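Shown below is the structure under consideration.
Every chain is named by a letter (A, B, C and D) in the order it is written, and numbering of its residues begins at 1.
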């Protein structure tokens, strides 16, 4: 299996800036989500597929550390990584880099669990083996940052 | 029936500003919604009640004219008015005023129809008489701007 | 001069949906801005260049008509068009199309004027001839929708 | 000095929900900011005053732990607390409670430093003694949650 992915790239929007002239810090949490959605799509288990299985993966917590501000229209690369996964809980880490210089702009993590249609927590290892195997295989993937 | 309502008041948030140092123009559309929700609550037909009846009232169009910018932490009064209502379509107009000076900051309108759970357009006059009568009664209410 | 541009393409984000399961109507105003920024970049007069000239182009009004909802992760094409420009005022129209079917999702317009660093309205025709000529040339451009 | 404050109260807006039918997790970061701004206003050192002194207090990091979802139109109480302050760094913690039941909805923290107009980090203890004393006095305030 080829576990090399193209990174998620996007530009900072004008409406994402605040009166300090930089992207408002709340937006990075949204950028994490964008990169997560893109990542799951790329590994073949997009939100649509997960939900078709009756699974949802809510965010239990988020942390974001701001290093350098991003300004309007700057292009960033967002690199998610499946840092931890045991079928019950999952931690995805993110690095946001300036697309031109590669310098770190911010980084963070989201923690997730998996719930079914009755909002009960499920173990993918037990009940959704194929999703479990897929996620497991991607816990050490290499993203092409070049 | 007393048709005098207290207006909807709120402050401009920091995260609503953009790098021009003023509230980003997209947020006024959200402020219109806040004032609309508040208005419907106050006249006794809040979103929860409308939805409990199986009705939803999607936005067909929005227009907003920007007069003077609102800055961070400024307090505004938002005054919605049921400008047009015939049971099938509804137009709500909005004026956003500076709470201290009463000066107009922006104004606009949203157009709505009414749909049932099957996403079919309905006539409140025909099928939801009690909602129709309520909305009709509020088409000429007076809001206390003092 | 080649006046054919590639259109602006983007996906609907999860955080842009609301509890009706569709993109919240306020976000289209932001998508208009994204497409406007992209358009100005592509014709060689991006926000950075306009601002380097000491010019800003505030939004005077926005109108948006909602045709069909956009759902999470759907890809849309946004087509801005310089509908009116006389150096003092400018109207940009937008069509948002489903990228797969080409069906119209929403459409709208923004009106703009031009102000200098002292927040005075300026005539590009009089004081910024080169910007005037550029914008004028793009009032009838053709975008490649295929 | 009376160190008892009224808490910050607000309703969940429709546009803050996502297609899961709950407030999107990114918005809590914004609610933290709202409560922080309100808190600083109430203790007499609002953003306007801090900025008039030439000081800005950027967010270095944010963490949010989601306990129970908040739904549209539910009223929440947000309780900020000056958890740590030494004049150079500051940690504010937040609890978001359901206004009716008092049940915890989410909680988190933001970390801040203080910078001057040249974007240099400053020690309030050294250079802005009066702000230092004020913040110090509020590190153990009691908020009225009743």
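Here, contacts are C-beta pairs under 8 Å (C-beta built on N, C-alpha and C of every residue); 3 or more make two chains touch, one makes a residue touch a chain.
What you see is a predicted model, and the numbers here were worked out from it, not measured in a lab.
Student: Report the chain whose CA-based centre is farthest from the CA-based centre of subunit A.
Tutor: When every chain centre is compared against subunit A, the largest gap points to B.
Student: Could you classify the subunit A-subunit B contact as same or different, where same means more than half of all interface residue numbers appear on both copies?
Tutor: Same residues, largely: of all residue numbers at this interface, over half are found in both copies.
Student: Between subunit A and subunit C, what is the separation of their C-alpha centroids in Å?
Tutor: Inter-chain centre distance comes to 29 Å.
Student: Calculate how many whole Å lie between the centre of subunit C and the centre of subunit D, each centre taken as the average of the chain's C-alpha atoms.
Tutor: It comes to 36 Å between the two C-alpha centres.
Student: Return the residues of subunit D touching two or more other chains; collapse runs of consecutive numbers into ranges.
Tutor: Residues 14-15, 20, 26, 30, 33, 72 of subunit D touch two or more partner chains.
Student: For the complex, which residues does subunit D have touching subunit C?
Tutor: Of all residues in subunit D, those touching subunit C are 14-15, 17-22, 24, 26, 72.
Student: Using the touch rule from the top, collect the residues of subunit C that touch subunit B in their complex.
Tutor: Touching subunit B: residues 20, 25-27, 29-30, 33, 56, 58-66 of subunit C.
Student: For subunit B, which residues count as touching subunit D in their complex?
Tutor: So the residues of subunit B touching subunit D come out as 13-15, 30, 33-34, 37, 41, 46-48, 72-73.
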